[in-house]
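We just call them A, B, C and D in the order they show up, numbering each chain from 1.
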Amino acid sequence: MDNLFLIFLSAFLVNNIILMRFLGLCPFFGVSSRMETAVPMGMSVIFVMTLSTIITWFLYQFVLVPLDLIYLRTVVFILVIASLVQFLELFFKKQIPALYSAMGIFLPLITTNCAILGVAFLNIDNNFGLLSSLVFAISSGLGFLLAITLIGSIRERLENAPIPDSLKGLPISFIAAALMGLAFLGFSGFMGLSL
Amino acid sequence: MLQLTPAPHISSGTNTKKIMYSVILALTPALIGSVYFFGWRALFLTILSVLSAEVTEYLFQKVTGRESRISNGSAVITGILLAFNISVNSPWWLPVAGSIFAIFVAKQVFGGLGYNIFNPALAGRAFLMASWPSLMTGRWIAPNSGTLSGLSSITLDGVTQATPLSLLKLHQGESVIQSLNSPGMLKALFFGNVGGCIGETSALLLLIGALYLFIKGYADWRISVGYIGSIFIFSGILYLFRVSPVNPLFHILAGGVMLGGLFMATDLVTSPVTRKGRWIFGFGGGIICVLIRLWGGYPEGVSYSILLMNMFVPLLDRMAPKVYGGLK
Amino acid sequence: MKLLTFRGGVYLKGRKGLSKSSPIQPIELPEFVYLPLSQHTGSPSKPIIKKKDEVKVGEKIAESGGKLSVPLHSPVNGVYKGTQLYPHPLGGMSIAMKIHVDPEKTEPWERVKREVDSLSTDEIVEIIKECGIVGMGGAAFPTFFKLRIPPDKKIKDLIINGVECEPYLTSDYRLMMEKSDDIFKGIDIIRRVLKPDRVWIATESNKMDAADNMRESCASYPWASIVVLPTKYPQGSEKQLISAITGREVPEGGLPFDAGAYVQNVGTALAIYEAVNFGKPLYERVVTVTGSVRNPSNFLVPIGTPFDYLIEKAGGVVGKEGKIINGGPMMGIAQVRREAPVIKGSTGILIQNEKEVLKGEVGPCIRCASCVDVCPINLLPTEIYKVVELNDYERAEKMGVLSCIECGNCSYVCPAGIPLTQQFKVAKNEIQKRRK
Amino acid sequence: MSRTFIDGIIKNNLILVLAIGLCPTLAVTTSAYNGLGMGLAATFVLIFSNLIISAFRNIIPDNLRIPIFIVIIATFVTVVDYTLKAYVPFLSVQLGVFVPLIVVNCGILGRAEGFAYDHSPGYALMDGLGIGLGFTIILFVMGTIREILGQGIWLKIPGMFSGFKVFGEAFTNSSVILMILPPGGFLTIALLMGIFNLFRRK
């Protein structure tokens, strides 16, 4: 599976990272109650996901594999991602305050966003080359942005809906996500891509 | 005692109930047609579907202690539309399950009428598609060609026949494609004398109903024109470039394009409120529909295309038109 | 030819037939008249007479109370009874001057004879101020103030508003039928003050005979043209009228002169004529009393006459009394007390019997977007309503709620019966309050 | 100490109350067996990381604690990952990437930081057990609901047991497939959370 277009379609729509793969749900539901937070979160994820994919891919192919240390990948990857996020936070704060104010509060949350680590793992599990990994990371990130933007706007519209009390908040967001997933099922089988 | 409600002191006289019952009336020609083409079982399944929808709505409102609004007719529309989206050859419990899902999961938990994000009937159909794909796509029968013989029996027999769209998906060679492009096929599609879901086959009867709604102003023609028009244009371009084997007329007449484009995309609650938004909504849905039909995993893309566009409605509603005099 | 109209709007049943053919008739004087000190936009007037003073028709009884304010004149001959709290037709109670009418004394106001052509614009504006003239289409904005255009603004279009788009009301219509020559003389005075490029007299297609009548008078005024607009509500609103005729829009927070336009009601033009030519202060006006009354009529009414007295004069209520509305059915204000008085801005009194009063049942919004289609300001009422319901006034302001002209169209068409207009009024008040 | 245990199951329930660790909860609960497997794997990591962190809490430098926690957790995750691969390869494939992803389950790091770091090993153990059990129960219940509705069977263990046909043969043949598809996961957790909220309010 090295057709870049198919990788894009699969990661962006057919196997949408949130709605179909269930990666990154905590930030997805955590910060999507308003559009003002949902969109920057999505942007931050794309950014970090792409960077971390490049770093982990090189680390894996040129350090872990040659040294026969594959079993250390979990430890190494999570440390790399955690320090990358730390570094970005400091870097933005000092150098690009505008970006910091846009993404700043979301960066720490991203460390524990399993979508980032998950994509790093999936790249390896799928034996992706660097280019495929990059496309996969960016399109997964875009898929995240799409899903979080949509749910953000939907949740804003539900703000004054007379939803039964016990379903208010997270449960109704889950149901909305379920129906979004139902709609996304329309893409399954698209150009032969399956779930 | 003088009464003190705020201005304005007169109203246009239109109310929710009137709108809903007009939609039901507009669906009636297609319902009658379905009985004519597929026999009494079409009516039986529709009634079952409507009853399940109404009962679900009633029970939900009862259990959650809300004011009962079942008489406003919105659940009836959902019931009819859901039944219109299944084969006449379906087991009786299929429309029941679909309607319960539609009303409960897609509508009532969101706060009921006016607050649902997705068209309930379409969500119900997508639920059925995901859960019982073989019942939803593999059980087509040929219409009784208006011999009225179907009227007497509520049976599951009948000549099984693939729908024109499934023939297209199967791609069974040049002769099949030729027959799909033939004027005879287009005529059959226009009048409804083909296999398919209960209420979707007759473009003519659906158009009659929709025209009534357009004139009444209870459905926006912009959505329908945007949706059906974009399918026509997009599939037409693909036909010219020989990407699509069938002509654009086939595309807009076959399957659920008329039912979806005229009645489900125009659902007031789940479509955008601005004119610009409505054009985009219709246009986007049409493109997605053609993409799914030609490249997707399903023969038909109408219901998914509209559901997918439903998701974008809250975003489209943010595109406010320019306010008079501009805003500071 | 381009259709002259504005965006949005609704086609309403005019219902003007009820009172259309009733000529303007003077009424017998009531026993008392009540003159609220606040009859216009701006600060209230200040009484200048003492209790038990005798007053004459047209005599100044209260002076202008500030920069944006006008004096008040007695509409009758009688005795001043002092001030008291009295129902105000725009809601609530306010301080009003009470005058006991002396039915014996019938002499009219003292006419002065002026050489109008020799007056300077400043003198004209001063006379208009001293005669207490305000916009008579309902807004009651002091006319002298409106006439003072900043020197850097140029009025291209002077529009005389004879649209009267509110259903039922016929006072402007009757004026155009009966006083067209005098109205034109008033317009001429306004024209002398503003020096516009063009003068338009605007009316709607449901008042063709009035338009014809005006056109006859217009023959001697080559600078003016009559425009008959397609009947649509709220065409009589300044902003809508300006964009219908000139195609220009008044910028948000701006005034008509920012769009190079100036709008004045026909009734005000007439009042200006009478004030400038004869020194007649604004103490009486034409009021349509209509709806569920036995004889719907157009009366020439002294300011301060209680509504119930006028309803009696129109033959009383048909059926069980439901609502008494100051103004038309779209923007008028339902009265708490039937004895509220006519003020300078009262265009009509509409009576609804019990059966005509709306039930006020509210259902959930079904997003039909009728409100979006009819909004003349291009707002998204259904979306704004949602954020107002959440008390999120900041967002409501961003969505343009302050531009709302409260025409009532959204509420009128809403199939769910949601009181959109009312909510926007509340939101606007709230936003203004927070600004202070 | 038993209080800590009970709190871990109910008051601090990772999913229903704190809504953390949602990804594996939704992704792997297509069957009761998978849910149970995932729950136990996470519980193992929780207990041991809690224990170790608690035991060494006095020598872990404050400013370096987070990376150290992560390394400890990641170590146990790797142990679990390889153990599953070796002994229950089929389950390991089913759980896929979600086993190594236990490392970013904010619940585990959260307990390390919020509980184990300032409690004695005994309490930390009970907390790990309680939280782990609460997590496992939910995953098992979710798996049960989705498996029964979605496949018409219960407790199927690949290669060992073909599962109970709870509602009979006819239902098994026309089960609600949606429930084992991704949207079914969202629906099930919404349902559980709704019911939980209903009782919590009372």
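In this section, a contact is a pair of C-beta atoms (placed from the backbone, for glycine too) under 8 Å apart; a residue touches a chain by one contact, two chains touch by 3 or more.
None of these values were measured; they are calculated from a predicted model.
Asker: Would you mind naming the chains that touch chain C and likewise touch chain D?
Answerer: Both-contact set = A, B.
Asker: Grab the C-alpha centre of each chain and report whichever is closest to the global C-alpha centre.
Answerer: Chain nearest the overall C-alpha centroid, as shown: B.
Asker: Determine the centre-to-centre distance between chain B and chain C, using the mean Cα coordinates as centres, and give it in whole Å.
Answerer: A distance of 49 Å separates the two centres.
Asker: Centroid of chain A to centroid of chain D, CA atoms only: how many Å?
Answerer: 21
Asker: Just curious, how far off is chain C from chain A if you go by their C-alpha centres, in Å?
Answerer: Once rounded, the distance between the two centres reads 60 Å.
Asker: As a quick test, compute the distance in whole Å between the mean CA positions of chain B and chain D.
Answerer: 41
Asker: Going by the contact rule already set, what residues in chain D reach two or more other chains?
Answerer: Each of 178, 181, 183, 187 in chain D touches at least two other chains.
Asker: In chain B, which residues are in touch with two or more of the other chains?
Answerer: Residues 105, 111-112, 115, 127, 130, 317 of chain B touch two or more partner chains.
Asker: Counting only residues that touch at least 2 other chains, which ones in chain A make the list?
Answerer: 157, 162, 164, 167, 172, 175, 178-179, 182, 185
Asker: So which chains actually touch one another? I want all the pairs, not just one.
Answerer: After working through each pair, the chains in contact turn out to be A-B, A-C, A-D, B-C, B-D.
Asker: What part of chain A is in contact with chain D in the complex they form?
Answerer: Answer in residue numbers: 19-26, 29-30, 71-75, 78-79, 82, 111-114, 117-118, 121-122, 125, 164-167, 170-172, 174-175, 177-179, 181-182, 185, 195.
Asker: Spell out the part of chain A that touches chain B in their complex, as residue ranges.
Answerer: Per the touch definition, chain A meets chain B at residues 149-150, 153-154, 156-158, 161-164, 167, 172, 175-176, 178-180, 182-191, 194.
Asker: Which part of chain B faces chain C closely enough to touch in the complex?
Answerer: Within the complex, chain B touches chain C at residues 2-12, 14-16, 18-19, 69, 72, 74, 111-115, 217-218, 220, 268-275, 317, 320-328.
Asker: Show which residues of chain B lie in contact with chain A when the two form their complex.
Answerer: 64, 66, 105-106, 109-112, 115, 117-118, 123, 126-127, 129-130, 288, 291-292, 295-298, 301, 303-305, 307-308, 310-312, 314-315, 317-318
Asker: Along chain D, where are the residues that touch chain A in the complex?
Answerer: That would be residues 19-24, 26-27, 66-67, 70-71, 74-75, 77-78, 81-82, 96-97, 100-101, 103-106, 109, 178, 181-187, 189-191, 193-195, 197-198, 201 of chain D.
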